[in-house]
Every structure is written in C-alpha cells, then in structure tokens.
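What follows is a single structure, written as structure tokens, with notes after it.
Labels run A, B, C and D following the written order; every chain starts at residue 1.
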Amino acid sequence: MNSFGRLFRVSIFGESHGECVGITIDGCPAGLLLTAEDLLFDLERRKGGIQKGTTPRKEDDYPIFKSGIFNGKTTGFPITILFENNNTRSEDYQKQRDIPRPGHADWVAHQKFGGNEDYRGGGHFSARLTTGLVAAGAIAKKILASINISATIIEVGGETNIEKGLQKAIDTKDSVGGIIECIVTGMPVGIGEPYFDSLESALAHIMFAIPAVKGIEFGAGFKAAKMFGSQHNDAIENIKGKTTTNYAGGIVGGISNGNNLIFRIAIKPTSSTPKEQTSLNWNTEQMEKFSIKGRHDLCVALRAPVIVEAATAIVLLDMILLEQKLPKIIN
Amino acid sequence: MNSFGRLFRVSIFGESHGECVGITIDGCPAGLLLTAEDLLFDLERRKGGIQKGTTPRKEDDYPIFKSGIFNGKTTGFPITILFENNNTRSEDYQKQRDIPRPGHADWVAHQKFGGNEDYRGGGHFSARLTTGLVAAGAIAKKILASINISATIIEVGGETNIEKGLQKAIDTKDSVGGIIECIVTGMPVGIGEPYFDSLESALAHIMFAIPAVKGIEFGAGFKAAKMFGSQHNDAIENIKGKTTTNYAGGIVGGISNGNNLIFRIAIKPTSSTPKEQTSLNWNTEQMEKFSIKGRHDLCVALRAPVIVEAATAIVLLDMILLEQKLPKIIN
Amino acid sequence: MNSFGRLFRVSIFGESHGECVGITIDGCPAGLLLTAEDLLFDLERRKGGIQKGTTPRKEDDYPIFKSGIFNGKTTGFPITILFENNNTRSEDYQKQRDIPRPGHADWVAHQKFGGNEDYRGGGHFSARLTTGLVAAGAIAKKILASINISATIIEVGGETNIEKGLQKAIDTKDSVGGIIECIVTGMPVGIGEPYFDSLESALAHIMFAIPAVKGIEFGAGFKAAKMFGSQHNDAIENIKGKTTTNYAGGIVGGISNGNNLIFRIAIKPTSSTPKEQTSLNWNTEQMEKFSIKGRHDLCVALRAPVIVEAATAIVLLDMILLEQKLPKIIN
Amino acid sequence: MNSFGRLFRVSIFGESHGECVGITIDGCPAGLLLTAEDLLFDLERRKGGIQKGTTPRKEDDYPIFKSGIFNGKTTGFPITILFENNNTRSEDYQKQRDIPRPGHADWVAHQKFGGNEDYRGGGHFSARLTTGLVAAGAIAKKILASINISATIIEVGGETNIEKGLQKAIDTKDSVGGIIECIVTGMPVGIGEPYFDSLESALAHIMFAIPAVKGIEFGAGFKAAKMFGSQHNDAIENIKGKTTTNYAGGIVGGISNGNNLIFRIAIKPTSSTPKEQTSLNWNTEQMEKFSIKGRHDLCVALRAPVIVEAATAIVLLDMILLEQKLPKIIN
C-alpha cells in the first residue's frame, strides 16, 4: 500500500514517465494558509539539474493543487497535489527492457507484477515519487512551526568533505553513496510509545520508504553497541528532562525525551552507474555487458536531505496528532 | 498501540511485575497443530537465569493458551497466550521511585502517563513483554516451514569474541551492548512493495519495537554509503534471480529478490549498569548518586537473537499473507 | 480480524466452551480509577439465567484484570480482562456435529475453517464473546461521563409490549426477535466525517458485529424514504444547532449535530428455537429432522440493550479521541 | 479519513465546485485491461441531467487516468482518476452562506472546520464525490467477473411504482426519498468473519458513506424482528449450502453462505427541496424563510443504485482478497 500515517496520512501515486506524480494528504487540519509558494523552497532543494552530481533531467516540479484548498486555506479535506512529468526520454529504457539493471527493481518488479509494470524510468519505483513527500513535508513543517527539522549530508563516497567525495565519483566515472544526519530541535516530550509505535519504529518505517536507504541509527546507533552502559546512559540534569549527553538521540523507551532528535541514514550509491556492468538478459538467458543510458544522479544522497526532513515532519505531525497535541495553526 | 501486522496481527499486553505478560495472535490460519511444546525451544532461548551475563530473575515462561486452540489445532480465531510473573521483587523499585534511571523510560513515562505508569521492573516497558513475541514468532516459523530464519550475536562490547566482550563487562562491573545479525534463507521472490510497505520498512518497524535496539542496516548497510555503485550493485546471474554478491541484503526496491535476507541490529548496553550513576531526584530537584538495584542482564543483546528471529518471522508471515502466498499448512 | 477502533481499540478472543472469553482494550487513557465494581452493573444486565426468556446457562462473568491497572487506576497500557467459562455442557453439541443448525454459523464455519472450528456452543461465534464488549463499554461510558447512552428494547416478537411478545414465544414454543432503540444525550457537535468515517458508518459497523443484528436505521430511518424533504429536514432553531425535529437522528453529513443520537437495531429471532427443524446431515447427505439441545435464549434481543450501549460507547470514545476532544478524566 | 478498504483501498478527494473530484485506487491487481470505456457505462448511470427527477447540472464525468495504467493495463500501483467540474454555478451558494440549509451539513461543517470548509455546492460533502466510487466499483466488478451485483430502486416517495412516486414530488413541488435493493448472485462461500469483520459490518460501513443513506437491512431485516425462529431460520438443503429460504440475506455469523446476498438501503428525501423552508441565519441570529437555489435532484435515490453496486463491489473485492481468493484476471 502506498499510504503512510494514521491521522496525517499521505498517499503517493504516479510514475516517472507517466503523466504525473502526485500525493494526497488526508487529515491536514483546516485553516492553514497554503499556496504553491509554501512548497517551492523545499521542492527546489529536491530537484535535479542544478547541483553538481545530480541528474540532468529538469522538471518544473510546480505543485498543482487539485483539492482541499479554498480561499487560500486548507479545508480539512484531502489535499491532492500533482506534479507533471514533462522532461522524459522513455526510449532510453525500452532498449534495455530485457536486461534487468543490477541494484534496480527491474527483475523483482517483473516477477511480482507479471510484466505489467511501467518500466520507463523505473516507473512507480522512481525516486521521482518522493516529490509528493517533499510537498507533504513542507505542509507538515508549516504546521509544526515550533519544531525545527534539519537534515544535512555528512558524508559522500566515504569522505566527510562532500566536494571531495563527489569528485571521486566524477574521476572514477562511477556513482557513490552517502550519509545523511537529521537533527530535530524543539521536540515536545512524550511523543511515541514503547514497542510497535515507538518513535524509532515510525521514523525507521518511513525512512526505508525512501529509495536507496539501507540503514538507520539513532543517537550513538551502531557505536552504542561498543559502549559501556555507564557511558551510554544520558544522565537527566534538570526538571525539564535535559540530559548531559545525548547518546539516545532523544528517544528512550520509544518516547521522545525533549532533547534533540538525532539520527543518521545510510544511502547506497546510485544503482545507475556510468560504468559498464554485467547482467542476465532474461530473454536470451545469457549474461550481457551493457552501459546504463538515461540521465541519473552520480550520488542520490545529495538530493535526499530534504526528503529525510519531509519524512520526519510527516511522522512527527502524525504522532503529535495521536498524542492529541496538535499545535495551534498560526498563519 | 500495542499491535503489529495486518493479516497476521500480534497484540502484546502485561507488565513486568503484574500478574502476567501475554499476547493475542489474530489471523493465524486454521488447522495448524500447536501445543506448548512447539514454543518451548524458543522461549527457553529468551530466558534469563541460565546463560552467563543474563539476569538472575528466573521465570518458567510456560505458555498458557487461553483461546484459539481446539483439539490441539489452531481454529483460525485469536490465540491468547499468558505467561505468569512469579519471580518478582517489586520493593527494589519502590525505593528508587523519585530518581529516574538514566537510559530507562522512567522519566518519559512519568511525564506521559502522569504518574499512573506501573514503574515496577519497568512495567509495560520491560523486555519481558517480548516473551509473547517469541511465542508468536515460534508459531509463524512453524507455518513458514520452508523458510529458515537465524539470528546470532556477532559482537558483544565491541568484541567479535562473545566470551571476551562479556568478560569486559564483568571485569569493569559495567553493562555492554552488542550486534545481532539475522540471515533468512529460502526467501520467496516478491515480498514487499516500494515505499511504505517495503520489506525494509516493515522489518525496521518491528525491530525498533524491541527494547534497546538503536540501529538497523540491510546488506552492506552503512558500509554501502562508502562503496561505488559498480561495487555495490549485485549482478543477477541466473533466471531465478540469484546474484553474484548480496550487498543489497536480499531486498531491492523494497521487494525480496529471492537471495538471502541479511540485516544487522545494534543493541545498546543494558541501561541498568552495576556502576554508580547520577540523576535528578524529581522530588528534591537535586542531582543524586545512586546504584541500580534489581536483577539485570549485563548484556541484553545475549537474549535478543531469538526475539529478532521472532520479529522477522512475524513480518514475513504477515507480508506473505498480503501477497496471497500462504504456504500450505503441513502438520 | 477481531479488533475495532483506532485510538480506543478493543480486541476480543475466546470461545463459548473454552477456558474463557476476554478482551484487550488498547488506548484507554491513563489515570482512570477502575475496579471490577465499575463493570458489574452492565455485566449483570448482559447475563442470562435471571430474566425470563433468557438462557438458563449461568456464568459469574466476573472480570479478571490481567494487565493495564496499577494502584486501582488505568496506566495507559493495554487492559486485558478475562471471564471464565464454568457452566458448559459441551456434550449437547457433539451429538449434533454433522447437522448444521439453520440460522447458525455451523455450516459456513465448517467450510471456511476446514473443520478446525471449535463448534461447542458456537465456539468463537457465540454471543458470549460480547461479554468483553460490555466490559469495554462500561469503561468507555465512565470516561464519557457527560454523555448518556441508553438502549431499550421497544419491540419483542412484533409486540411493543415486551411481556406479551415473550409470552408468544413461550406459548408457541418458538423463539422471537426484537427491536432495540438507542438514544444518546449530551452529544458534542462535530463527531464524524462525511463518507467512510461517518458516525453512521462507524456505528453500523460495530452494531453488525453483534450477533443476530440484521438491520439498523438512524432517526426516521426507513420511514425517511417515505417522507417529503420539507417534512424530513430538521430546521435549526438556535445558535447551538438545536433542531425543531430530529428526523436525522442527530447526524447530518456523517457528523453529529449536537441533538440526540437516535438509532434502532433489528435483532432476528434466536436461531436455536425449541421447535423441531430440518437440515442436511453433511455426513449422510440426507435431510434430517432434529431438535436443538443446549440452553438458549428465547429472545436474544432481551440481553442486547447493554451490548448496544457498550458498542455505542466504544465508537463514540474512539471518534471523540480522533477529534482530539478527550474529556478530562474525572475520578 | 477519506479511505476505505484494506487490500483494495479507495481514497476519494475533491469538491463539488472545485477543479475536480477524484479517486485513488490502491491494491488493484496488475494486468487488468482497463480503459475509460470500461467505466463509462456505470458513470453514465450515476449522472444527472438525463433522467426525469435528477439535477439539471450536466457534467461529462469522463475519467482521466493519471497513474497506474501502462500499455492499457493496470500495473499493480495506485490508479488515480480525475473528473473535471465544468458546469458549476457557485454564486447560488454565496448568497445563502449565512443560513444553514436544513438537512445539509452546512451548520456542522461550519462548526467543525471553523468556517474554512468549501461551502459551494456542498463542497466535499457533495454526492458528486461518489463519481470516483462508481469508477472504482466498475473496476472491482470487472475483476469479480463471476459475481453479479445488481441494485435497483424498489420504492420512491413511498410508492413501489417509481413513476408515481416521482410524480408526487413534482406535483407537491417537494423532494422524495426511496429504497434501493441490492442482490448479488454468484457469491463464494466463506467471505467475512464473525464480529467486526462481518460482511454485514463492511457493507453497512460503506453504505453509510453514501450521502443520504439512513438505514440498511439484510435479508428479512427489520421484518426478521417480527418473525419466529422456526420461520426465519433458512434450512440448508444441499451439500453446497443452498437454503430453501433466504431470510438471512446470504450471510450467517457474518460470513457469506453462498446464497444470494440481499440487502436494502433507505435513502432520505433530497435535502434541497424546492419548498420554502425556515432556518436560523447565524449572522443575524434570526429565523429566516428562504428557498433553496441551485440545481438539485428531486429524488437522489434515482441515481443511487449504481453507487450502491459500486460500494458493494469494492467491499466484496477487498474481502475476497483478505480471504486469499482473488479470482484470476480474465481480459
């Protein structure tokens, strides 16, 4: 199912080379001033074609509201937003049809959907589907005015200097991965539950919905496994719950403790590498060498921070609503 | 909410020092031979009191079926299983009441539930709640007879030699964390969806429901972020989808590709360390030194593999049912 | 699935002649004073064996709390309640095994669950499963202190005089049905949504979960279909939304309008009639005459009002939580 | 929330006088041949402007597919369909803004959404939102090829002669209601569960999502309450479960028994009657006489049968998928 959330619920649809991609947002509180302008800043951050190392495919990504807005405000009913696909080159994909691209979903999609999948540009699997998520995230952020969500890329191709990591990809004519860190300040205490509704469960759930994500860790994360309890435990030092350290990443027992939320996301290298590769031609049943055509990011992680922020905002708003703590809408 | 799953749904309840902990399993197919014996092997693996480094609290953990079984077989209706709490020492916790233990949920629980939480032994937050999960996992494993799920501890206290890592904890009188690796063989192709129903999303969701988990990575995981695309991409080499490498951990585009599922879990050191600690007494509003009483694991990771297996089995069965691929019940 | 509700969620389990029936209530707010005493009044109303025309089977129906209560108050975690089955006569059902009782689920259960269903006393299909619902309803009513929910039986065996309708059943040695009317006063405005989350949808959904219910109508209901618009429309006469008439039953556009909620439920005659009946013996494949053994209600509708109230309270509390309008807990 | 279904899930959006209304269908199996042509027959049946007694507003209601179709077939991913609103006269509604129309949601919407609701033509509350449902129903029907769903209007304005009932409305210059009967043949055995997932619960849930529905009854329905058990019980007469009578309407214990599904829906008279009415002007706080402008159906029940069929098909397909009984796609 292509939906997420219980009280603030997003549903995505569309294909990379179809007519459009889009999203429906259900449960958005009524009365929020909302225009395309509110979404453009974040949508721009997600776009390719501008930043070095991102896909040369250029799309306007201008949000077209189809419902849920009246007199410039949200009505409380579903908001459907479309983004047109205008700059597609589907012929690049038709030639490649019988050779499933390694790292991509071509082969599993073919097995699962019996050959009915739209394979052009990855179809529904394309990261282009995250456009809608970014729009929904911008709306959630606007509602969560007192909370600041900031994701940045902290490593590219194994280098903490982004520029250097990217140059490695350019030099080797290959693609690279990266690591995103997200920090949330202004967190209320008490968001999340132990077990299945833990804040970590919800955040991890949506983060792995972002294409190319292969790992997540909270606070000290994997390093916590190497620490002693006396080191890792964050001592509470005041009545507001402030801790002296924050190895827990702001979550204990699945519940936010009011300290900053901190987590990191591992993003694999773009599957579409410029390098020649080998894969099975499912028609001839022979291994074949081939090079990937189409326009691609050298490092998808570059465009991911704003998506991570959006996903975080969607989770937080949904869980804050579950806690009956909706912030007052301030226009 | 304390439930997980859509077609095979588990709901946990109980408190560490209450009368019992338990689980209800809804959606279990009818006709499966099922007795307490089927659950005991895994329940035994979860128990403390036996293995070095685990809590001295000993509980029978004998499953008491309350519903859903008739003539030794599942009926297709909810299976409720109780586990009695017999070996509790609640007085250890009453003394400590005003000083929230670092790393534990004491403070957030107090804030969120207004002081109504059962604080004895962590109450509902206790890892004892995973007893039911292990029982449900054993049932799911029995149904998924052709799939093998195996989790092992691969690192304790930063050491790949488990014995050595544990000795570090004993020597320093501190607690340690660890890393669990889970490998699933016999995976069918096509389980999972892109985006919100990705297999990674579902697995990560339930893994972060296990107390003390702070990170998860699939296949190459965080190392993937340091690889080139040409290295990370797993080439498909035969018509069954077998790949030459398995950096993806058996999942592409959110969907199982038939290769082994591989993921790792980071587990933080037990919050209840024998070391003296400092925390705020919320009554006096002063920082206080204290030592944790009660009986605890030096390394909770030691008991976690069977819980990770159970959680994996629950996710896989649920998603296989979603794919309309329920294996034939073989008794 | 045997669960209902999104924020106040109930899950029922158990069988008529198994060890117990029970319920888990998830999402109950913390801090509510709650003892068995709070449930006994409503549980008593549901019981057979007292009122004329109800089953001679007598059960204590004393609620045994297994979790979620601490120091006499709810903790915010799942409340599991068991009711023991002590007064069972399973041998009555074994004899009858091959002849599916008309009106009962015997035949469909056998088809659907492959013969694994617990057939004794209707197993999981038994109205005994509503015991848990009544308990959950009593809790919901306690929280919804400012709302009064009252269901009464207004017709038995086609007679508006209950005594007379029941006498008809006794005289003819047959079973009879009845009609229940439920009126809710003190309703807040704004509960429900248009379409799938309409208050009517939610109420109808849970009412048809009560065994033997075959119809529901709101306000004028089926009579509305015979009225003119100018008659049926309820004119708003003051700023609080009070209407001069209440043909809508307190719901317009799926949303409560603050007037009394009014609906009626049709309950079919007890399937277990004392009269001789004919059905197919699925073993011999011959039609056979037989009489139903076991102890049964002449009119199940007599015990239904408290179940209808409970179901109403569960829906209202859940939807009020969805509206972020939880009333303050008053102990 | 504006979604329904678990495995075949529909989500509606749009407003009566906004740019469009629409639907997203998630969970539609891949490989179904699908074009606009497949939907037009049912969409035509829902339209106003043709049949006597229906609204003079004429809309093309031509389905515009935005996603989920590739090479003329469904892909297994969400299908979003838009229907443009071209023939709107919003000025009719602006004049009336301060006087909530009796029977309509004007007042509750205003209370609940703080004046942010799109009031033009009923906004999101408009029965125009059912256009998408009819489209989804046509798709579900195509998949359920072996099942026949047929709803007809059996009473208008209290008359079983439709023509006569409608003439009453015309003569009195008032609106009238009606009763729809739906019969499903070719039902598989075993669809539904006892309690919350009963087939009656699911059908009733979605039926009350259709604007103006105020009652539903299955089989004998409200008449069952006046019958004896020996009359109402449907005797099983052959090994396939055929019953001699069908007072149960094809459902026992919440589960389909393979006999025809039969239920009836009560539809209230159109709230927008041509007659002069009285209501409170919420601005002046005075009662005011007024006549409803805009274009309306004299009897909304006339256009409802195809919506009832669509809703039935959506429920049945969803529940058949839950039973893991998806029929083979036949193109």
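Details
Definition applied: contacts are C-beta pairs under 8 Å (C-beta built on N, C-alpha and C of every residue); 3 or more make two chains touch, one makes a residue touch a chain.
Just so it is clear, the structure is predicted and the values come from calculations on it, not from any experiment.
Counting only chains that touch, the fewest steps needed to get from chain B to chain C is 1. Relative to the C-alpha centre of chain C, the farthest chain centre belongs to A.
Centre-to-centre, using mean CA coordinates, chain C is 26 Å away from chain D. Distance from the chain A centre to the chain C centre is 44 Å, each centre being the mean of its Cα atoms.
The geometric centre of chain A is 37 Å away from that of chain D, both derived from CA atoms. For chain C, residues touching at least two other chains, in rising order: 1-3, 12, 112, 124.
Put simply, chain B touches chain A in their complex at residues 1-4, 12, 100, 102-105, 107-109, 111-112, 124-125, 129, 155, 157-158, 169, 172, 174-179, 189-190, 193-198, 200-202, 204-209, 211, 213-222, 224-239, 241, 243, 247-249, 252-257, 266-273, 275, 277-280, 282, 285, 287, 301. Per the touch definition, chain B reaches chain D in the complex via residues 6-7, 321-322, 324, 326.
Only residues 1-3, 9, 11-15, 18-22, 24, 26-27, 30-31, 66-68, 70-71, 73-80, 82, 112-114, 116-118, 123-124 of chain C touch chain B when the two sit together in their complex.
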